[in-house]
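All chains are identified by letter, namely A, B, C, D, E and F, in their written order; residue positions are counted from 1 within each chain.
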């Protein structure tokens, strides 16, 4: 079905990503006014006509998480009431994704709550990237397209032609993703593991399961938050005899003293995506930011055009596979 | 139906109001841990057993509005999944209430969105106070008990035995509430009104409809936000010959230079409630903060006990009508 | 998106308005059989093929209110089951709109109930006019286009070039609408106000806030029901020295002895719309009925065509601004 | 679970039935004000405190059908918002029941719409009687208790000790109910059947399938509307040699010239229930109205008390089986 | 509205019917992999691109009923998540249709449950055939197109030019359908009826209401399950002097010893549809299987094309009325 | 809140587990008739009075998966319509749990579909055990209590006082659960890992990450389906020098040649729960089946009684920790 209008809006969390997507799509970004009332309430007015349009809203739910989430919800309510035909929430970084289960009694499942809030506000479909757990797709009853940043990370890594490569998961929870990288890179797999005393919770020993001695190592995680775990893993594999060490993570949350941690760890290169904006002051000299603009843009084009998106998971189109440092 | 357990929780927006409610109810406040993950995501764990309980969550959606709202939603999700029998959101100040209609094209109706988000999260009923528009009750399909702060403001004003009293609405939109006060105080009614040029939007003239000369005046509004309008109204009625001027508003949002505005306006006394916490540095010498604790507490007791709440609208129980300065 | 079929149906409340809309749109009205079973149950059969069509149903919920509302709900159920692609309820007069809040305990919010019933029956969007309270838009989660009859009343009044004009609200509740008229007409604003004894409810005094002496006066309300209030306001401003008096109201409910009241009040002209049919026997010589046909028709055309509707709020297209006496 | 409050309300369709139920239950009927606004809108205010109560609302959806249905919906909305714990709609006569399927294209299924409207308004469960089709129970997702008037009709008929009895269905659609009566009365079964020309729709011949000559005959239907069919059936079986003829129908709709039809047909006795009020002027000398009060009252008592209701289908308690002429 | 993609899928219950539909539509059937995990869980993967497509899923809920129903639900979930624009469940045989009401206490209404499960899984509309009760249409809030197999059975029977024809319903419950056949065939109507002792449940006598002696008889039912009732009816009318006997039923469930029953009963011809696959070993020499392929195919074409479907009820297009023995 | 009635029902998947639960609770199991119609449709009638009761339905969704799931759904529909106050689905083994995400395009998320079907049928809460992924809890908006079989497995293993213990995950996906066991047993952690060629999918090498030589090994998984992976892991750790090998898995699906695989692998003991019935012919001499009866029974008692369930996760009550061979 041909839609007569096709619009991409960006929330205020990461306007440059929205622009980069629109640049790929060769279109202007949708006009929307973001303001604040004196008491901090969000004020929104859409200035493009969206009636009957196929609308995409790009917003990462990155810090300040609650502000960005509420802005996204209000913008969607606004578009729904302005009679948009279909609203796709494009969420490169899905905040609260780690609260995806009750690991103890009387805690929320905030990732599910976020899914329900999005649906209530009027979202018709979701496009997202590297969810902390794949099962979050199932939190929605609306269609979800789940892109995988490895579609652009793998070609970037392959391009470096690293020999004797081992992919390391920095903890037990991330081993599946590391395994997927290892398989695609033809590399060995290893895991760093902490052993804690069950009663005190203190770390008794740290260990590496698998071979890293005399190997070049890529440590892979879905996100770098405080960078504590990944930096520790880097030091540990170094101590176990690793050669060059690369850190690789989709989402650069970089909170608390993350930059300090990364600066001081024995990593040759730190590769992240721009799912979250990386401000200049956090951009270390050995940090590479791969732009998601063309990859997300191509996915949006295909959704609007009712073409297959799953094709993109492993076969990014030409324009996507050329990774690029984000222009600051 | 007798409920075996009855619990009141407070969000972190205004813990002292929660305590004051529990003091009235002669019970301990529910235990809940509020934390933040390093990236600012809200972390919540309820430490009281709520299974099968009748639970009330007190949270004003005051600044920081989005943080307080998200905290409320996550806490409700948490209580729902912890098997609370019934969850009542007690919202003394309902944020985003002024976005209750589309006054122009392509804007959201955020007050309705908030209602829908609350219901989606698992709220079973709502207790709130002095909504900006009464119609917001109808935004919910769950029962709403809507208290009126005038139940404690009117006795306080009556107690002062002010003669020759005129109640003034500081703008057209608040005239209904002013009229309700006038009726109950046996006072005259007046309105201050701005005339704007339709094309430029500039104020052409200011006027008072009704009589204020040689009157003691109570200017009544539902909230004081930047205090611009109410301070201007005070100056205007002063210029028109008013005697003593009292400002009276339920919700003390007090943002931007509100305190400066109030300090400089010709008001003898400023009377607000503690629906929103008033920090010490904003507490002017001529400001009286009436505590809602007993009034809300009595309403909660009645809801838990299935007794009539509408009785409270005009007949507050003894313990409520004694207004008190909030203890700082 | 181009819809292949586009149909307008009219309920039996006001067939001439439906015809007038279709005349503007230059199309035939949809065929539907309305009958009654012997026991008074409504019988409906749609005789036009609506499968996959963009369908508009014009029905004012005017007296007999319950009959007209049920007919609308049944017709929408019928169109939904007949596979209409999209159903827009066009409700020029939204009945039960005054029950939009709980002004006391244990009363319904019938205006919200009506919104929920419409959604349940299968309505996809709503087009309505001069709701008693703007907030009723928020009672819906489906898109609502809310037209303002002043888009055709203001040009009509401007055309009369009345000098020294004051706009009067006949009671406190209608002052916002009067204010909007005053702003657009460059006129003064005044309010008539009753003072009642709080305990007995009896009117103690009547007053006019604002200036009407030696002014031409337009008294503006959203509807004329029994005409008691507006006629009283007319007499009062006359007594206060007003010159020519015009009554202006969107919805001519005209129940009980409204016609007698209007006949006997000192109004030079009474201007209403045909949102509700005005039967010949109620049409006073000094009554002007402005037709909504072109205005609603243009809005329907734009909705079907996915063009902006908010533009119409203040800039009616040429064909709409020429007000016309309804042809009886 | 013990409910602390238990209330029965009656709509205005048939107040005497509500009273008769409350008389059986030995309780006062709930207080509710029914009024009309000047324009005919329904005005309702509940005057009993219903917070936390188990509430039953008795309302037959009999003519005027739409008025009675809307009143029921508004009353339920009102009770929901007044915080009733559970609301059971008691609908002795379910209007629109005959529109329970699409027998041709582009017609509504109004009986389903009514079910959805009831649920939307806030009904938690339904108690009804002799639905036109049993499948209407499945229109609801809330629990439905479906009573069968034959629980009081069969004992009444048995008491008459009629010999040589044949039960006759007056048309093809009612044969299942007639069969249930025949089985319980140990009687023969017969059907009167019209043969129509398929193209013209005209009746070509009338016939009786089964034996009625020299039999006493009970003609059974679920309702008497215009009485055309049942009167014709009476004349036909008379012509075929029937002895005494009894007409038996649960719902006495009695519209158009039903009374005339019944007066002129060869029936010895006409037995109906008071699911619909039978006004004095329609009460023929040979008409017996069996009161449903005790039967419905006992069902309500059991629902409130969480006792089995299905037991009542075939084993009415002592107090129910004594049929009684309704007191006029 | 033109849909750009149009796809028909078949579940594994009856692949030949899907093929026959696609043959009529001159298109390839959609590609889908059906497998089983080792523990019997259903594994599905759709191999055609369905994004934005108008999709039809053909699946009869015939034995093994639960397997076929679950497969249908999972396939619909799969298509929904793969972003199909619209999903129509084409259910020639709707299983569990006989559990359409609570005929006693504490039983399910499984036919309603099935309707709710279909909607929950993501079905947007339903196309079905000869439901056991017409009211099942009302179990859905989504549009249902309900085809009637008599549209192809009546022309087939007319073609045989049978004289002195009587249509017989094999029991009380099926008399409406028999009546519809009789009307269209210009035939007499009769019913076979069992009289049971109410207390023991044993058959006391069997009888035929209406005339069958010296008549050619068509016994009509909606389905043949164990064939016990229809075979008994055949023997009974034979005993009452019937000439040629034809059995006519839409759904050939044929379970238990149905084939043996049919083989031994005095039927000249047994006419069924292929709504359920009839395996070769059940195909008696005197059994005719009329193909629904063209009839369903035409309905699907019209739904996709937004043309009227109700037209098909009595006026099958040329290509449908030529009944054909299914090719084995 | 005291519930007056409390009932536990069992589906037909595993009646002995239901009995064992009721034995712990010292109550009779609820009466329900399970039958089949001749065509295989499920027939259910509840014979205990459930009106107003707190009802638990025990049913593992084990093979035959679809039959057991449909039976559960129909039983819940039946209980809902019979007016049960609250229905808890007790699902010791949650079938389809492995389809919890879209690991490729155009596949269903059947585990979410199952959650939605359960909710649609009328489930009010869920009690389940060792979900394949914790995130499945978030598929529900109703409360889920998620028990962990390790609460009874860990005491059983501790009781054996095995020295030099290593816990091994048989593949990457199960490493989190193995890690939880290792932590609680104070053991080392290891993982067996397959390396596959990315293009051909063939296993290139098998490896053990971590130390197993000269260790006693417990291989832990959530379920044993075909037993291929776990048996292979056993052989591999044996080859790497492991001493005694124990297999430990909650759910004994045991399909295909699982028993043969287990018989031939070098395991000293195989420990499973009775979440799924283990028939005698599959019960190997070295297999221990720990009964979940007391553990589930205690959880049910606490839910009915509104006591904390999370306490049970790590502190099973006395009666639960004594593991027992299931009595055959």
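Operating definition for what follows: a contact is a pair of C-beta atoms (placed from the backbone, for glycine too) under 8 Å apart; a residue touches a chain by one contact, two chains touch by 3 or more.
Model, not experiment: these values are computed from the prediction.
Common neighbours of subunit A and subunit F (chains touching each): B, E. By residue number, over half of the touching pairs seen at A-F are also found at D-E, the match among B-F, D-E or B-D. In this assembly, E is the chain whose CA centroid lies farthest from the centroid of subunit B. Between the CA-based centres of subunit D and subunit F the separation comes to 51 Å, rounded to the whole angstrom.
Centres computed as Cα averages put subunit A at a distance of 40 Å from subunit B. Annotation for subunit D: residues 1-2, 81-82, 102, 104-106, 109, 112, 116, 141, 144, 308-309 touch two or more other chains.
If you draw each protein chain as a dot and join the dots that touch, the picture is not a line, a loop, a star, or fully joined; it has some other shape.
Pairwise chain contacts in this structure: A-B, A-C, A-E, A-F, B-C, B-D, B-F, C-D, C-E, D-E, D-F, E-F.
Residues of subunit E that touch subunit F in their complex: 37-42, 44-47, 50, 62-67, 69-70, 73-75, 77-78, 81-82, 95-96, 98-99, 102, 104-110, 112-113, 116-117, 120-121, 225-226, 253, 255-256. Considering their complex, residues 1-2, 125, 141, 143-145, 303, 306-309 of subunit A touch subunit E.
Of all residues in subunit D, only 1-5, 49, 51-53, 80-83, 85, 122 touch subunit B in the complex they form.
The residues of subunit E lying in touch with subunit D in their complex are 100-106, 109, 111-112, 116, 133-139, 141, 144, 146, 172-173, 175-176, 179, 182-184, 186, 188-191, 193, 195-196, 198, 207, 209-210, 308-311, 313.
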